[in-house]
């Protein structure tokens, strides 16, 4: 499939809305975040092979355009539940490669400080709720965040992800259905990467789950998941719709998981030639070419972005390796919360957000101050 | 809505298959089973009001055409999981009003002998698996029965029911999805009676769940749930499709729950006039008129059917009341099974089944004799 | 048995009085256990607009047991949200709303349906703070217990499942005043709290309950009777049974109402066990790996030298709760069983 | 820590030998715990065409831990069914197939995911025979346990949840031979049996296992060491730890491997408790309302007069299992903890 075909798929989803404006710098950012995700995951995999990562290792190679393109659309006050193939979204929202790598290695400098591993994290300060293993359990959670936003009359959005395999689970259905009934401001990003672990699409469902959006009463769109701007545009449209009270959107991204489910998985179940053909649609290579061909980026400029990323990851890996293991006594801390602390806002690198007003109403339907300040009386 | 309109809805579902043949006697049976359901439930409700039914009381008044019409299509070797609005199906398959009433009263003569109450029963000897409260948990179970049938290459069908409210639950989705993937011989009968307990359709879903069938890769049809022959015809078509390897069908029946969720529920949440308008579409009255107008049944004949039913229920109620309460010692029996015993076949009153061959292959892909004979070695 | 025993019908069943609570400055009013729960919920919804209810049929209908009767009128349908029949979505959405600063109170129509929302409760809600340092202040109300021919799916006491899910708090009031005070504390707590309300007590218990704000700290047991020869440790429906039994036996016994199962007031348990030397643990839930087992293990380990008799458990046996009255009565602990268990220990 | 500790990678970890089993007429072959499970499953699928497997990635891929490696080739994809990611559907479909005369063996990819199929397991499967007299012969395989940085969702031991669901049988082999014999018995049993297989033992334990048909009756504990001063009651991963501890301490101790948790071999437990007067119960699962609590309660009640020391529990505390090695080691019971617990009791 050529670049042109991919575009055709992308416009498939268009609803006539005017194109969101990406500056030159925004485009460089999109490339940079994809490169950052790839480089950080490559580094993580190396650390794993060196025995520095306990447990298992999972990455999202080949799927970088999805998490980067979708999260790039969000405002600081929006909220995310990010999944195991979506490292790029953590970087967009402000997590550093250092904290990602440290988390994988179980170090105290990791986002969870060693309490949880892998991509099972979300930085509350950056408006994220860390995923659990059970799939797709974050779909109801994101739905609940959107419910709170709607109850308070806020122009905000919750966004979450799931693989196509996870759509078989009942919780997916429950979340879609509830989101549809109340037209909640939630954006669901479906990543169809061909497989659930080893299980191919034909054993996961008999009809493309994107098609189901309609039967939940909301919009479903198909985009080329290897085209970062297509994902971005669909996400902008979905977020704007959500903010305007138009309800949820299911964005179905077709892509391919270019690595095994985890590092131990040799993908012997993937037929010959499939990976090779997807390799030619690599989202990073394609976007690099696209920037050169259509947006006047020079090879030197593009190389500079790549070099900066390489250096950043190298430096962050060093720092992550310097981070100590947690003290064993930490294990017995933090079972219960002493008090509620609200989520913070994420970084929103899209230039559009640089100077706009906050999306939360200043008063009226806003958050109850008592609830934010509320202090637990429990003995804990 | 007139009778004519209802017919229009019914033909909506038609697929061009030739009309299944109903004899005059079959039609009398359909009327009789609907009357039997209504009379038995009325009797049950009276017993409840007299304090003879412990716990609560639930019925399916107004929905008689659905359970009767659908189960009437089945062959003896087919299997059912029957729900709380579907007493008619138990009667069609061979349960007596006596055992139904005794079960409600917690007597030893009830189908569960007092272990469980309400409609939480299924007679294993008649090919039925008793429902649980959790909705719609029988959908995966029926799917599993159909899976077994398919694995053994049998031309048999599993049929189950659920209310429209239950379609919001994740298990509904999981069952639909699995049935669709493997094109299993299962017939799902959806009863949209307007409410889940007090919750109206608009708070249950944003789009009619029948429409979802397609997104699971199988047929969905809409029928007038108050037209017994329409339900029957859709069920015959669905069962034949299933037997022929054509996969599941979701039959969506529009109806109205004419009583509260349970006897304690005064239905104050139903807007004025709704019940009255549905009363005019009562499935039993309509069918009686239909038999008189189109099939030459005399008033006397029809009265005779009704009288016989009244007498049968009176007699069965007497016997149920004579049935003793179970011995307390029974409570501690039967937690574990000592050995597996296969389900028996149900009664199949449709004249078509009177002289046909068994649907199970005689050998080859059939049941493993070892598994039927297998004896538990457990200490229990 | 008639339906009002389930608390569904509006008629009132004969009520029993538990010992008076400490007097409250704001005055008090006679309330049933059910009214006390409604009262706490209403007070908190008035006080804090972040508090909202979500569950099946809780809006216009007021809930299967009428706990939220009139709430939709007072607070609007958006804060008394009728949910679709989807327990994982209810609990999962509550987690999401909670981290966003709301204070959701979920109602399971019957506690038995917690099995349908189990994953969100034990994997998402319970572990969130430990794993991510993120608080999820939410309550899951669980109408529990049997005794009215609810059968195997409307009579369960699910507390042991919840206690095996570290990160949840679990409370089980045995009196109207505690029901109000503990629910208030649960709503204000920063953690997911499972609130077990026994359906059999809904309209059976009635006593003066403090008006206005009333908080009972989570994690504190309460002494209902003080005596030196025996301690009966109970919670929920077993508290009344235990009190009645020792009163009728005129036993010199302590009755300790745990009130909170997690955190557990181990100190109060051990103090009573050491002081009396004989312990009976009583609950309605089934036996194996239940609260009784845990208390017996704690007492046997930490009060070993003080014990004058084996720690006994009075519980339902390991069976589903059958429907028919004679079967159900054979399974659920009765007053006679309680008296016999006390007598045996006293005579040991 | 490297991935093979999870049993996922093909490399072999250093293995430990458990005491020899009684010799078997059909001869025996060295197998790991994992191979013994595969072997039982393969034998039963060959013997009875009603037996089939259903689970995620168990077909062409052979399962996350490779238990069904090669099965799809031998038995065809239809009998080694790759299920969609839907645990309630897997267990529910198994119930349906079981009542139809099949013998389904479900695999949960990790035992932690049982929370996602909990409702079908505890409400449908467990209660079916009691309520309806209908047997559902099925097995749910549950790869359990931690020790390899699986984190809070890949390290749990869910047995207490299952034991609080009357109607389920629950087994937890601690050796390769028992893994084979108990799985065979589980498949042939007429009830839903939860089969807890500890992931840490998969490639760690290796011993001669009887070839061909081999059945270990459900509900029978096994004495691993016989001694008079102390009894350590354990199952699963704690059995090896207990044996090693008493051996290294050269203690005159009995080690009892429960093997079945439901039904429980209460007789064997009480015999050992009465004979030795001192009991330690050890398991990896978290503490509150766990198997340790149940055993401690039973022993304290029924062997009270024979006890020379408090019954002690060695378990994980009430915490999720953290990911990072130093944290995980702080939470899971270690050999040193086991030795210390034994020593304390011996010195009591």
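Residue numbering begins at 1 within each chain, and the chains themselves are lettered A, B, C and D in the order written.
One rule holds in what follows: a residue touches a chain if its C-beta (ideal position, glycine included) is under 8 Å from a C-beta of that chain, and two chains touch if they have at least 3 such contacts.
Note that the structure is a prediction, hence the values are computed from the model and not measured.
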Taking each chain's C-alpha mean as its centre, the one farthest from chain B: A
More C-beta contacts across A-C or across A-D? A-C
How many angstrom lie between the CA centroids of chain A and chain B, rounded to a whole number? 45
CA centroid of chain A to CA centroid of chain C, Å: 40
With chain centres taken as the means of their Cα atoms, state the distance from chain C to chain D in Å. 32
How big is the gap, in whole Å, between where the Cα atoms of chain A centre and where those of chain D centre? 37
Two or more partner chains touched - positions in chain B: 112, 115-116, 120, 132-134, 168-171, 174, 177-178, 181, 203-205, 335
Residue numbers in chain D touching 2 or more other chains? 84, 86, 88-89, 112, 115-116, 119, 123, 127, 130-131, 152-153, 166-167, 318-320, 322
Chain D - residues contacting chain A, complex: 1-3, 6, 8-9, 56-57, 59-61, 64, 82, 84-89, 110, 112-113, 115-116, 148-154, 317-320, 322-331
Within their complex, chain B touches chain A through residues 168-174, 177-178, 180-181, 183, 202-207, 209, 211-212, 214-218
Touch list for chain A against partner chain D, complex: 51, 54-56, 106-107, 112, 114-118, 120, 132-135, 165-166, 168-171, 196-199, 203-205, 262-264, 269, 325-332, 335
Which of the residues in chain C end up touching chain A in this complex? 47-52, 78-79, 83-84, 86, 88-89, 91-104, 119-120, 123-124, 127-137, 166-167, 169, 185, 188-191, 215, 217-220, 263
Sort out for me which residues of chain A touch chain C in the complex. 79, 112, 115-116, 120-122, 124, 129-130, 132-134, 137, 139-149, 151, 158, 170-171, 174-175, 177-178, 181, 334-343, 367-368, 370-372, 374, 376-380
